[in-house]
Structure formats: C-alpha cells, structure tokens
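By letter and in written order, the chains are A, B, C and D; residue numbering begins at 1 in each of them.
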Amino acid sequence: MVDEKLSQLEFTQLADDLAKLGRNFYRRGWALGTSGNFSAVLTRDPLRLAITATGVDKGALAASQVVQIDSNKKVVEGSLRPSDEAVVHLAVVRLCDAGSVLHTHSVWSTLLSDAYADQGGFWIEGYEMLKGLAQVRTHEHREWLPILENSQDLPALEREIETILRLHPNAHGFLLRRHGLYTWGHDLAQAKRHVEILEFLLEVLGRGRSWKT
Amino acid sequence: MVDEKLSQLEFTQLADDLAKLGRNFYRRGWALGTSGNFSAVLTRDPLRLAITATGVDKGALAASQVVQIDSNKKVVEGSLRPSDEAVVHLAVVRLCDAGSVLHTHSVWSTLLSDAYADQGGFWIEGYEMLKGLAQVRTHEHREWLPILENSQDLPALEREIETILRLHPNAHGFLLRRHGLYTWGHDLAQAKRHVEILEFLLEVLGRGRSWKT
Amino acid sequence: MVDEKLSQLEFTQLADDLAKLGRNFYRRGWALGTSGNFSAVLTRDPLRLAITATGVDKGALAASQVVQIDSNKKVVEGSLRPSDEAVVHLAVVRLCDAGSVLHTHSVWSTLLSDAYADQGGFWIEGYEMLKGLAQVRTHEHREWLPILENSQDLPALEREIETILRLHPNAHGFLLRRHGLYTWGHDLAQAKRHVEILEFLLEVLGRGRSWKT
Amino acid sequence: MVDEKLSQLEFTQLADDLAKLGRNFYRRGWALGTSGNFSAVLTRDPLRLAITATGVDKGALAASQVVQIDSNKKVVEGSLRPSDEAVVHLAVVRLCDAGSVLHTHSVWSTLLSDAYADQGGFWIEGYEMLKGLAQVRTHEHREWLPILENSQDLPALEREIETILRLHPNAHGFLLRRHGLYTWGHDLAQAKRHVEILEFLLEVLGRGRSWKT
C-alpha cells in the first residue's frame, strides 16, 4: 500500500517533468504540430512506463496528458490513448536498458536523415559536445548515428530497430528518415541532455553543409 | 436567451484562444508587424465568425481585439474593424467547411511562394510530419501546396481561391505569392496544428535549397 | 502645473513602453551586447524626447534607464547619459517629423548593409509585408532602403543623413554600413511595426541570397 | 565578521546573477546539454571565484549550483564539484586580470573554430558591434580571435592559453576548436556583453559564408 502511494507520487512527478520538457522542446521547434513523444520508466519489475498521449499539443502539454502503460502497451493509469510509437519506446527500454526515451522532430534531423539515408547513417566526430553523451570521455570520440527507413508498420520497424541496435550497441540514438530523432538515457535528465547534444550537432552539420556546395 | 448567453461565453473563450495563438505565432516570427489574421467559427446557422481586428500588434493581441462578424462581413459584436482579409476567411469557411482559418506571414513561406510561383505550387512528399494533416495516414502522402498570385483586389482573389480549391479539393492550405500561408481545420486546434506542420515543412524545404546550388 | 503632471505621467508611460520594446527586441537578437537605442517624442514645442541611456543591457531594460532630453541633447529628466546616437534620433525627429525613432543591430541588416554598400542601398519590392509601412497601399510598392557609410563623426553623419533623407523623402528607414537599421513612425507603435517589417524583409532577402550563388 | 557576512551576501548575489545568465544563454542555444560554464571573482586577495558546478542543466540553473573555489580550485563554499574547466577560468582571471569568465558552446563558434583552425584564428573588422568590446572606440577596430586546438589535457591547455594570451594581449576572447568561446570582462556585466557581441559577430561571419561558395 505504501509502495503504491509512493509510486503514484513518482508518476505525478515524472508526468510533470515530461510535460515541462515537452513545452521546452516545443518552444525550440522540436515538437511542432503535436509531433514528438516522450517517456520515462516508473518501475522495472513489473515494467511501468509514463508516456505522452497521442495527438496532444506539446506547447500546452499537461501532466494529465501523460499515461502509464505496461510492457504490452496496455494503459494502467490515465484515460488517454498512448502515442502510437509507444512500441518503439518499449523496444528501446528493453534493448538499451533505458530509463527514458525521447523522440523529437526537428528541421535539421529531417534534412540530414534524408541526405545520408543511402549510407545508413553518418559519423559525428571530434566535437567537444560529444562528451555530454554517456560513457564518452573525449572529443576525439566517433559517434555513428544510424538512419532507418521510415515506416508505418510499427512491428516491422521495431524489428529493424532491434537489428540496428544490436549492430551498434554503443549508439546513443538513431534517426528515422524524413521523420526525426530517437535518443534515450538511464534517466530523464540524461535523455534530455542527449536530445540537446544530438540536435546541436545536427544543426552544426546541417549549417556547415551550406558552406560546401 | 440561454443560447445567447452560452454563445457569448463561447465567443469570449474563442477570442481568448485566438489571442493566445496570435501571441504564440508572433513569438515564432510568423505574425510580425501586425501581419497575420486568425478566425474561428462560433455558429454555423446563422454564420458567426470570430476574427482578429485589422492592424493590431499580434505580440500583444488581446481578446478585446477579436470581433464577431456575419457571412457578409458585418460586425455583430465588438467595436473594431475586422481584418481586410475577412473575405478570404469567409470564402475558406464556405468552400472547405472549415471551423477555423489561420493566415501567417513567415520568412520561408514568403521565399518559397516566390521561388515556385511559375509552376503554381509545389509538392511536399514523404515526410512523417504530413501525418499531422487531417485525413493523412502515412508519410508516403503527396501534398500539393498551391500558390496564387497576390492581389489587392479581394473579390477577384476570392474567385481565384474558389477555382484553386475546386481544383485541389484535398489541399490543406495555399500560399499567396510573396505574402504568406492560409490553412484551416475543423476547429482551432486542428488549424493551429496545420500551421505548425506546414511552416515546419516549408522551413525544411527552404533550408534544404541552400544545399543544392 | 496640471500640464506638467500630465507630461510626467506620459513620460513614465513612454519610458515603460520603450523598456518593454527593448526587452522584446533583445529576445529577438536585434539589440544584443547593449546595442540599439530607442526614443519617442513626449512634447513637440518645446521638444522633449524620451530616449534610452547609453550602455545599458536591453535584456533587462528598465523605465529608469530612459532619460528625457531637449532639442540640444541636454538631459532635462533622469540621471543617466543619453545614447551617443541621440543626435541621429533628433535629426530624424526634425527631418521626418517622426514621433518615435528606433535603431536595431541585427545579423541580417549587418550583412545586407555591407553587401549592397557600393550601390548606396537596395530596392525591396513586391512583398505584401510592405503594406505595413505608413502610406503604402499595395504590395506592388517599391521601397528604396538607403545605406550610409558608418562613421564615428556624429555631426558629419547627421549631415549625411540629412542629405539622404532629402534625396529619398519617402524612405521609411536607412541602414548604416556594418552597423544596423534606423526607422521611425508617427508614434511608437508605428515605429515598432516598421522595425518588424523591415527586419522581416531583410531576413527574406538575406536567406534568399543563400539560394543564388 | 562583518566582512565575512558581506562576502556571503555578495556570493549569494553573484550566484543568482550567474544562474540567471546561464538560463538566458541556454534559451539562446549557447549552453545546451549541460555545456558552458560561468564564473565571477568574489574577492581578489585571497582569490575567491564563484563558478558553476559540473554537469548541471543550464536551462534550470539555480544559485545553489554555483560553488566558491580558491586559486587552487579547492571548493571553499558549496557541496558540488566545480566545472572541470575551472583551471581555464583561473588562468584567464590570473592572466587577464578578469573579474568574470564566460564559456559558451554555440553552433557558429563550433563551425568557425573549425573552418579557420589552420590559420590559428581570424580577424573581425569594421563592425559597429566591436565598439561594445572594452577599450574599443571605433568600428574601424581589427579584432584577432585566436583558435586553440581542443584538448582534454587541461594543464597543457592552460599553458597553450597562457602562450596565446601573451602573444595577443589585446584579445577579448579565444575559441577552442570544435568546442566553443571563452571571453571575459572586468565584471559579469562586461563579460556578458562580450559574449553577446562575439556570438553576434560569429553569426554574421557564419551566415555570410553561405553566400560565398
């Protein structure tokens, strides 16, 4: 009983944090037009994931628009339907042992995920900002950012993601072509940091391309 | 009498929502210099449209700067003059059965409406963001965004718009050359989503052009 | 006595409005690093001009950082020193019968004032946004934006401005090379609108140039 | 005793000011992903430096995340660990007699620090904005912005900085390659002004390069 109450408080807090993050990312232009979805693990066993509901305006995201689901995507708390991409979130939680998964749609991720789609990803290398990624200790790090073809067949996409993440076990994120970025972390703060770092580096690469034609 | 009071409350609420949206779009740079105008249907029969007044600063837009007009553009509530482009709003409401019409002036819509004017519009295709447009179920969607020549002859422009919307009954918006974007939705929330999605995609196309010279 | 009190209230209100505008323009990146200065006429006869003090952070601009000067740049109210460019403000007030003069430093005005310096200015033509400039009734308007060489010799600069404004009596603003934009209006609201319109159009022209190389 | 209390109050005030500045720079995109660190001198003899703690989110920077260190980087107030780059801050305080040192990671500083790395820096010349740098009286000023190779060997980096600052005693800042900007001032307000001026000019140079291909 005490545990349940504690967990309820934790869910309220996480839902608040996810709502605040959503409003922040909306202001930056990373979650316009109801795009983007954000989740954080509440308990591991059994798995309980707090995740944003489908189709909500991230500029006015409220804690009441975050629901709680189990490992089968069944809603166990909250009255709204979870994001359709909840299956991707659950896959990343399972495969990467992530405590939080964040998905943004930015202009630069959209452009670069298309420009480098043929080679299946691209290297980001030599930037100090890379040191903000978990386990990275030096700017001399080489980060491979995989790109997957976009798909509306979510179970097929989930299998693709599983394959890619096994191939690149040290990846901190991946792009869906003409769609956006997925990244994660052991908790919400780390996942947020990863979004900011990867979006920053995508902007650096994207703007730099205007110089070399 | 009860209905009238209810409608008055609804008008106050819609005016508040339009004012909030105007200040949001101003901050994004989509409604600078008193540009932009925004409307939402209050009742269908008889038609009552809440619409922003002409010449007001969208950065400080107040509910009191929204007026209520009928299908002949006559003000039935409020003391200010409605936007000159009210006739375009009324045409879109009539032709598309829209519940809200939003018009923004952004840098990217201005540039692209000029660059593609000769071909009368352009395709937006293959982006996940397109799924946020009403009735679109897959990123494999192909959206034609028509471009009309800009004009100060508003009745003539209204006829042009009627022609274009009959030619492209599935369009979610159109551009006026070197002027801006019109889009709409069944309600204000959907129309707002359409603005954000189309402006996002215009920025993607606009920035991508800097890479290909 | 009554007049004096009224005028004092008006000064307090104008100082508040100028401070709010300064913080707004700072957020947009048009007045970074203490750059930019803003003024509005309080009385015509004798001339009293409310103007921002020199060297203040526009991101935290307070009404107490606005001083009142006469036509000789003498401070008649307030303890701070007025902007060094007060002489330019006074010249524009005198020559254009302006009620408010606003000076911003933006990235695009800096770039374009340099790119077109050799031809002494450039045309802005065919944009709907131009209709927001005073007396402009159609987007088919052609606006000449003059460029002057930057100078630290303010009396010489004042004479240059006088020459340029006599040559282009319909101009709504001018650029100082590698420095920024001056524009004005019959009151503060109109001058603010002119800043937003001209800065918007400079961004359109500036971004468009990246496409044509 | 009185002095100690005074100093405590001053530390609280400085910590508040540094937190406010950090949140401002985060909003501008200059301190994403926990990047950036900021310091200000509290007393000279003995040296006490208020500096941001390592790994904190600048978007939610609180005064409690600022610590006080001595000239050996030992924490004398506060429970968090200071930024790893505190040694660079201490070196700049010592070599430039600075009262505040600010370090930002922007997109344009990252790009330009890489583009001009081979020549060890670049000139910024002829811009009015340069007048906002301490001791600069005219836009005809020529500012050399040195670039150092990035390094994780902080003592070696400190020696490099010492060499560069002796070679360029009038420099107002320097770049670390693919890393970011360091600048300083006699107090926090001046250092903040220097960040805004240099970041503005880097954006001008960066955007201008897209025109010349």
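Assume a residue touches a chain if its C-beta (ideal position, glycine included) is under 8 Å from a C-beta of that chain, and two chains touch if they have at least 3 such contacts.
Since this is a predicted model, take the numbers as computed values, not measurements.
> Which contact partners do chain B and chain D have in common?
Correct list: A, C.
> I need the rotation angle between the copies chain B and chain C from a CA superposition, between 0 and 180°, in steps of 5.
Rounded to 5 degrees, the superposing rotation is 90 degrees.
> Compare the two sides of the chain A and chain D interface and say whether they are made mostly of the same residue numbers, over half shared, or of different ones.
Under half shared, hence different.
> Taking the mean of the C-alpha atoms as each chain's centre, how many Å separate chain A from chain B?
31
> Mind checking the centre-to-centre distance between chain A and chain C? Centres are C-alpha means, answer in whole Å.
For chain A versus chain C, the centre distance works out to 44 Å.
> Can you list the residues of chain C that touch 2 or more other chains?
210, 213
> In graph terms, nodes being chains and edges touches, is this line, ring, star, complete or other?
The chain contacts form a single closed ring, each chain touching exactly two others.
> Pull out all the chain pairs that touch, please.
Touch list across chains, by label: A-B, A-D, B-C, C-D.
> In the complex formed with chain D, which residues of chain A make contact?
Interface residues on chain A, with respect to chain D: 24, 28, 126-129, 132, 137-140, 189, 192-194, 196-197, 199-200, 203-204, 207-208, 210-213.
> In the complex, go through chain B and note every residue touching chain C.
It comes out as residues 29, 32-35, 57, 59, 105, 107-108, 110-111, 115, 150, 152, 176, 178-180, 206, 209-210, 213.
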